[in-house]
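One structure is given here, and the rest of the page talks about it.
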Amino acid sequence: MSDPALSVAQRNALLLRLATLADDELLLAHRVGAWTGHAPILEEDIALANIAQDELGHATGWLELRRTLDGSDPDQLAFSRDASAFRHSAITELPNGDWAFTMLRQYLFDAWEALWLDAASRSHYTPLAQTAALALREERFHLEHTALWTERLALGTPESARRLSNALEELWPYALGLFEPLPGEQPGIDADLLPDVTVLKERWLMLVGGHLQRLQLTPPDTAPIPRGQHTPHLGPLLAEFQRVAREHPDAAGW
Amino acid sequence: MTEAARIHPGETPEQHAAFEARIQRGEKIEPGDWMPAEYRRQLIRMISQHAHSEVVGMLPEGEWITRAPSLRRKLILMAKVQDEAGHGQYLYHAAETLGATREAMLDALLSGQAKYSSIFNYPTRSWADVGMIGWLVDGAAIKNQTMLAGCSYGPYSRAMVRICSEETFHHKQGKEMIVTYARGTAGQRQMAQDALNRWWWPALMMLGPHDADSPNSGVLTRWGIKLKSNDEVRQQFLDEHVPELLEAGLSIPDPLLHQDEQGHWRHGPIDWSEFWAVVKGERGLNRERLATRQQAHQDGAWVREAMSAYAARTAPTA
Amino acid sequence: MTEAARIHPGETPEQHAAFEARIQRGEKIEPGDWMPAEYRRQLIRMISQHAHSEVVGMLPEGEWITRAPSLRRKLILMAKVQDEAGHGQYLYHAAETLGATREAMLDALLSGQAKYSSIFNYPTRSWADVGMIGWLVDGAAIKNQTMLAGCSYGPYSRAMVRICSEETFHHKQGKEMIVTYARGTAGQRQMAQDALNRWWWPALMMLGPHDADSPNSGVLTRWGIKLKSNDEVRQQFLDEHVPELLEAGLSIPDPLLHQDEQGHWRHGPIDWSEFWAVVKGERGLNRERLATRQQAHQDGAWVREAMSAYAARTAPTA
Amino acid sequence: MSDPALSVAQRNALLLRLATLADDELLLAHRVGAWTGHAPILEEDIALANIAQDELGHATGWLELRRTLDGSDPDQLAFSRDASAFRHSAITELPNGDWAFTMLRQYLFDAWEALWLDAASRSHYTPLAQTAALALREERFHLEHTALWTERLALGTPESARRLSNALEELWPYALGLFEPLPGEQPGIDADLLPDVTVLKERWLMLVGGHLQRLQLTPPDTAPIPRGQHTPHLGPLLAEFQRVAREHPDAAGW
């Protein structure tokens, strides 16, 4: 049960994947957190704040794990990096849109994340396995919540079904992009430190595909938008996210 | 000021006397119990106003969730604003025990008929405002809520106990932020002092008009709803917060502030014209806050319709 | 076996024909829709039985929460048993959409009137049983539930979709445990093989009697409740699990097990006398499981009374 | 925001406190987890399983933090230590008793833990502060849940009030024991790495005392039962907890 000694290539593979995970969750937490106070019912203000805190907690977990590997400071990474150094998928930087868009994005992401965590909880790199097992619990609650919401919207009114279907059209290629292999990750996969995302993609398509089919939703036939391809929304997002921290570059702490 | 309570048609002085005797004995009034219509009316007014304050109160701080400058602060702020939503929920439930409905209460808020604490109509201009609100506004609220935790209506009293215990965390977190910034860089210190300059007087005013100008107090006191006067609560607030603010190295924007012979801190004259202007919406963000809530409500209409349609499909039939 | 469905007094053949036409067209039946009384009765029977199975199903694995041998396994097992409680909740809700009440369903379970899957009457003798249940019992359940996800009654179908997606995790986790132990120390391997020896036949039997002996199947098929026969589902289960078990290096306790010309795995004769003895409670832990649930229910009586008394105090009055 | 270099005394103080935290949560999770399948209503099977998982997650967090300080293996510590090496307070080893006992123990513990975490989230040892801030969120949900249950029982029926009052009589001295200072912790407190439990005790008495008073419950006037003083329940508890792991001492993993 002790950590294997890591080769340089393995350590780099871990760092690469941790960077994508942390950045995805940071940005998603940021987006979702912005709903608080503006949700359709008070109960959802609470639920979304909860999801946002969980995602932020996961981001912190990945950054802390990264700290143990390369000594980097989590806050420094979150609040002082330039856009070009972020490694998230563009799905998490898109603005919130309407409720259907927010819920569907969250559902598609939750399903990806839950499957990734499930696989990662069997990683031979024990600290990763522990962190993943803990995060998985919360992620499955999200998945349940967002699966129910997509169901409600799909089977609710013609208006809600239409909005959900539009959201699916827009989100699908971004969601597929979550499964694009990371160059440099292979040594981690070969050593059973990291899950193989191409295998996860099949499970995800079955899980998500079955749910959508039951709700009579058909995803568009489009190519994945890979990580690294960004939208014009990233600049303003980071300007907001890092605004206070950057106004006080000399601050020793907050 | 202990004027007799209004006796509604269908109520007898004997009923009132028995009711007031219960309160004298320190008993809690529970939802099924007999109570004067006026007692019910006053409570619904107060509790729903309190609930609305929590809901609108999400907005000024909520704006900063996307700008919090560290992971820990972002997490803490999300949790805090979430708590406010939760407090709104508790309080709406407490008002429902008196026969009010959530829908009617929300309508009253959105149409501008119902009030909420005007403290939330002040803008949050910098990140330090989040800390200052936690320290001063939550600090003042806790003084008020601790008093209300002793009130005669059971569900309100219990909601207050729960809310107070959560607010205590917010208060400590806010204070800790400001104390940190007051000891921080020049920019942080300045931000903290500026926030204090803007929030000091509103925080004092949020505890309500001076006793001499407080119209409902007599009967509320008699019925055990209000156990302390506005000025008494304000004095407690001052005596706790003034020394702590000074110790943090901040200056309080009141040249006449001083300690009296008994050691109580006494403030200079309050500009009540500003208070009433904000209450009436002539100054501050009343219009914007309501517009934000109305927008959220309107944007959510199709979602609530979808929820009902879905619920109807899956609801049991007789 | 496509016998005509029973037409109850007050129902007409035309109503039945229209109803069956809807099902033919692949429409979902929703709670408010007209449906034959017999359709309703069969569904309540099936769904509540399914719910009870989840509730009783917490017990055999739940015993091992306190003994799980690693932090990660303890966490995973807690989450799994919690999911079973959640599935019970979903399913009781689905049965409620047909007019059943949770209370009446629980009474039927506790009094022994209602059935639950007899698989949960087998004892869990070692830690590896937890893995084997996840792999085989949840594996078999998923085959069955995937079929039911296509059933004609909307709320049941949707509950199945949700439950299936959670069960998929349990199934993978169970398989991963056993595969690990099969490659582990001699003691772990032996524990895994012993668990397979004991759970193999019960898992095959839990998918129900052979088609020729299955009394309700005709009308359930006609009404789109049961889309595949027991033997078809069992065949799917075998074709998936046999190769995986063999690949893990375990031996399956059936000397006659073999692949036919089409590549399907064929099992040897099943000892149905054991199945029926367990179903009837002549063997296995039926008595103990019910006693445990009865005890929990009885121990909780004063708690539920306190809950109601408290709720009555805080409920709104008209 | 970077970690201060720790002196030997500071590092030992952290290790000491982490040991008590992890062991308290491990044992409490173990006890609470045993309710699953036996709760008064199905909703509480779910709620208690949730609390148990959270507490186990916190224990794992403390053990992982300990790993970064002394390289110890979390599973090893949990499943292979003898009773004499455990550092929990006896309040967490007591059997579950009835629902009133379980809920009141959880409430008293949750209040202590929430206050400790709140203070620790300001620790100058950043990894501790991060872990504490994340755990605090969950702990406050527990506190809300158990505060509501103690209220329900206190104000429910005479039977429930009587049972709750009996539980208070039994639990109070153990709860006070949570606040006994740890010998060796002072260097951590002096360096603002760890909260001062004597200060926390005052806050706890106000929080818990106010709640109990409102519910017309009076704690007995008894002395604290300090950490390190155990009951006859510890042996059987650990025998059960470590049973499978100890039967397979040669197992490389689970």
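Each chain gets a letter, A, B, C and D, in the order it is written, and its residues are counted from 1.
We adopt the following convention: a residue touches a chain if its C-beta (ideal position, glycine included) is under 8 Å from a C-beta of that chain, and two chains touch if they have at least 3 such contacts.
These are the chains along with the protein names UniProt gives them: A, D = 1,2-phenylacetyl-CoA epoxidase subunit PaaC; B, C = 1,2-phenylacetyl-CoA epoxidase subunit PaaA.
What you see is a predicted model; the values in this text were computed from it and never measured.
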**OP:** Would you pick out the chains that touch chain A and also touch chain B?
**Re:** C, D
**OP:** Would you identify the chain whose Cα-based centre sits farthest away from the centre of chain A?
**Re:** B
**OP:** Can you check how far apart chain B and chain D are, centre to centre, with Cα atoms defining each centre and the answer in Å?
**Re:** 33
**OP:** Can you check how far apart chain B and chain C are, centre to centre, with Cα atoms defining each centre and the answer in Å?
**Re:** 50
Original post:
Where in chain B do residues touch two or more other chains at once?
Top reply: 70-72, 75, 79, 158, 313
Subject >> Touching two or more other chains - residue numbers and ranges from chain D >> reply: 1, 53, 57, 60, 74-75, 130, 134, 137, 151, 252-253
**OP:** Name the graph shape formed by the protein chains and their touching pairs; answer line, ring, star, complete or other.
**Re:** complete
Subject >> Residues of chain B touching chain A in the complex >> reply: 55, 58-59, 62, 65-75, 78-79, 81-82, 85-86, 88-89, 92, 127, 177, 180, 184-185, 187-188, 292, 295-296, 299-307, 309-310, 313
Original post:
Which residues of chain D touch chain B in their complex?
Top reply: 1, 114, 118, 121-122, 129-130, 133-134, 136-137, 140, 143-144, 147-148, 151, 207, 210-211, 214
**OP:** Show which residues of chain D lie in contact with chain C when the two form their complex.
**Re:** 29-30, 33-34, 36-43, 45-46, 49-50, 52-53, 56-57, 59-60, 63, 74-75, 78-79, 98-99, 151-153, 155-157, 159-160, 163, 240-241, 243-245, 247-248, 250-254
**OP:** Would you pull the chain C residues touching chain B in the complex into a rising list?
**Re:** 30-32, 93, 96-99, 154-155, 158, 312-318
Original post:
Which chain D residues qualify as touching chain A in the complex?
Top reply: 1-2, 53, 57, 60-61, 64, 67-68, 73-76, 127, 130-131, 134, 137, 252-253
